[in-house]
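In the two complexes below, chain A is the common chain; its partner is chain B in one and chain C in the other.
Right, the complex of A and B next:
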């Protein structure tokens, strides 16, 4: 295992440590300006104020409108009972919130959220937490395909098995899978980290630009331009710390996980013409 | 997009008509154009059940002459069946244009169905010892009410809600597809086969007839052909993963089995619930929740996966 060669404040906080080096990286605001971390119309909620919604007889739109009304009233902890695998529940929440779903969600659950901490006691369908920007989403059972598509930030955790194309096009944040994932996980991944404690399906990390995938089990096959890299002490420490937050651990120890990164020969990393690129690849 | 569903009771039978109606109604947003059911009853040992129609639903609205034509077509069916020595023991008129016959026959079943199909405007929807196939325009509740499917007892069923994309909105293009003229084989499918025409020509060279231009029918005929040649259903399904090209998730039912297969791209959804005595699967979990409101464990089958269950 390679020696630890980098430490910093973000590492101490258990946050990501990778250097953002993409060509299109731009800084839109100064992180010192605290007001930029809160949306102008965000509700001032109190986590100690708790309430419940019974979703059994409500459609998805009504549940989401009710969540917004309750946040407006200052409730910071909301429990949704009987979600019944309905689609698009808990989407577009741009607020601090403790949100609990007692049951399963259908497609597109918790998509486009920025800030809430969500706990789901059941299963989630396709495209859970798509385009999530910040916060945490923790699922106790299994998840469908396209889990965390285009994820931008936050922690997305499924303690069970996940379907195909997990983390497709993810641009940041962390996806943690307690079980196995299907084919094409990490397809066109651009940034962030994916941790798969079980086995990974074929074409893992296919066409990934950047980011890191850690696998605890067997890898059925790597995709184009995905390559194995050496684990270092920083990787192991980060994994142990992150997994501990969610009561998970790597089956063979964090240091023995397999690390997959982009070979960076496929996209935008050279000035080769397409015909020349064919020779390289 | 389309929605597909299946269920099987192992070692018992139940009101599968109501169960499948509830499942399909909950995923009607995946396909509002037509709904189809393939229900497997408790089985007729020495008899066959045949469902056929004498017109399309839309035809009936077109004028007065169609009503006389439908009567004439029905008379022609009766005459041809009698001519072949078919002994009809039970006759029901499900709708103005659809009938259900139970009959005894020990002759060439293929010849009999071909002879009936030869009447203009007549289509055999299904034929078998256990299979009863019902499909029509509208959502699940409407079709189920129209054909009185509530209370239909059996062991297993598959169903489909169709969003018409590449063929007409009519009964002929609706799923499930019966593997004409094989007994009791039906398929529902979500996806698109890209080698449809090549494989269809291969099947036609072996003497199979196709009743539609829908790629889903190919899966039914492909599997029935394999079973007819002595292959096990599960083996044929594994082979289909390699030989069928495109994106697909399909559910197949035979007289006593239910199976599902997913292509290697896994681009079409399927959620599965399995217990010792019951299995339910559907494009979306809401369909399973429609018959299991309590919390249950479900999962997505993986790419290239095949599963088969026996009733």
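Right, the complex of A and C next:
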């Protein structure tokens, strides 16, 4: 019944009866908006307030609830000890936060986050930071497949090797891999930047619509509609600055990386765009 | 938008430049130079404070945000509502894309973090915990 009540609330607000027309929402910025830096319902946290959680005896849900409680209490720096490769840890955090995992995470770690800075001292399973919106996630060791799937924004960094389909369907943001990446990385990439300092597996950038992939090592093979482009000074400048933030370097220098972009033979999504907006809204 | 084209091209024309755009009768707004590297010397004081508040070292996700133009009006794409948000009509636009992008980023943050943002109502209606 709770579900039905929620649906009722949305009907009362007119969300299911609004007649949509045109391509824009006719929404205008108001110059009088206050200078807020966080979402209205975000917790007011202080980075100087630090605490720890021992996750050894807790399940994933309990750890995530504990993180939320601590943010509600104003803790801005949280260390999770003994995460034990549990799945779905640190997900759905829409807050500014410094979050440290001392150990490894299982699958879906740090998914759906918007804002926090996360550091993971171990490894992560597949689909790490899936649908990440903003913030930074840095993994010191290796990562599994579909690393940064559907990434929307922010910096996702793995200092080791990652599995296949890295950045599949990514729509923005930056993925940096210190080592190698597997097959089909950048599959259906739509926007954003992917930086691979080591080698890339076969079918790199397959069916990519847009975005840019930089590779420092060898490329086993390009996918459909992925083509090599010329590196320019802006690429090198951006790469050097971004890599420096995470203590990384291109093996042969940023200017000597290989740049892969979309050949743009598969650009058909613009026809669907207006329909998509109406459906989503 | 980083090429030599007039900075106001999309404000003074219908923006239907490519064959594809002419076919479908609309300008494809996603295709400005999304990889235009931000010039950090042009950060506004608001953006500097935002970066500091979030404890980031750069613009982070805002690197992907640029001033666009929808139906002849300057606008910013808000991914949270999946639509363009027009800038105030009386806002005087700078004569270069870098400064316009910085304004777009600042306006977008103010809009997204506002209690009047459409997502606030959606959150109240649908949130599960």
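Side notes on the structure shown:
Here is the rule we go by: the second predicted complex is superposed on the first by the 231 of 281 C-alpha atoms of A that agree within 3 Å, B and C clash if a C-alpha of one lies under 4 Å from a C-alpha of the other, contacts with A are read in each partner's own complex, and residues count from 1 in each chain.
To be clear about the criterion, contacts are C-beta pairs under 8 Å (C-beta built on N, C-alpha and C of every residue); 3 or more make two chains touch, one makes a residue touch a chain.
Just so you know, these numbers come straight off a predicted model, no measurement behind them.
Applying the stated contact rule after C-alpha superposition, one finds that A:237 touches chain C and leaves chain B untouched.
When the shared chain is aligned, chain C comes close enough to touch A:40, but chain B does not. For chain A, the partner that touches more of its residues is C, with chain B and chain C as the two candidates. Of the two partner chains, chain B is the only one that A:122 touches; chain C does not reach it.
Applying the stated contact rule after C-alpha superposition, one finds that A:103 touches chain B and leaves chain C untouched. Residue contacts after overlaying the shared chain place A:224 against neither chain B nor chain C. Look at A:255: by the touch rule set out above, it reaches neither chain B nor chain C. In the superposition on chain A, no residue of chain A contacts both chain B and chain C. Of all the residues in chain A, the ones that touch chain C in their complex are 6, 9-10, 13, 15, 23-31, 33-41, 47, 96, 98, 115, 117, 133-136, 152-155, 172-174, 191-193, 210, 212, 234, 237-238, 241-242, 245, 267, 270-271, 273-274, 276-277, 280-281. Chain B contributes residues 264-267, 269, 271, 284-286, 288-289, 293, 295, 297-300, 302-303 to its touches with chain A in the complex.
Per the touch definition, chain A reaches chain B in the complex via residues 84-87, 103-104, 106-107, 121-123, 125-126, 141-142, 144-145, 160-161, 163-165, 182-184, 201-202. Residues 20, 24, 26, 28, 30, 34-35, 37, 46, 49-50, 53-58, 60-61, 63-64, 70-71, 75-76, 78-79, 81-89, 91, 107, 109-118, 120-126, 128 of chain C touch chain A in their complex.
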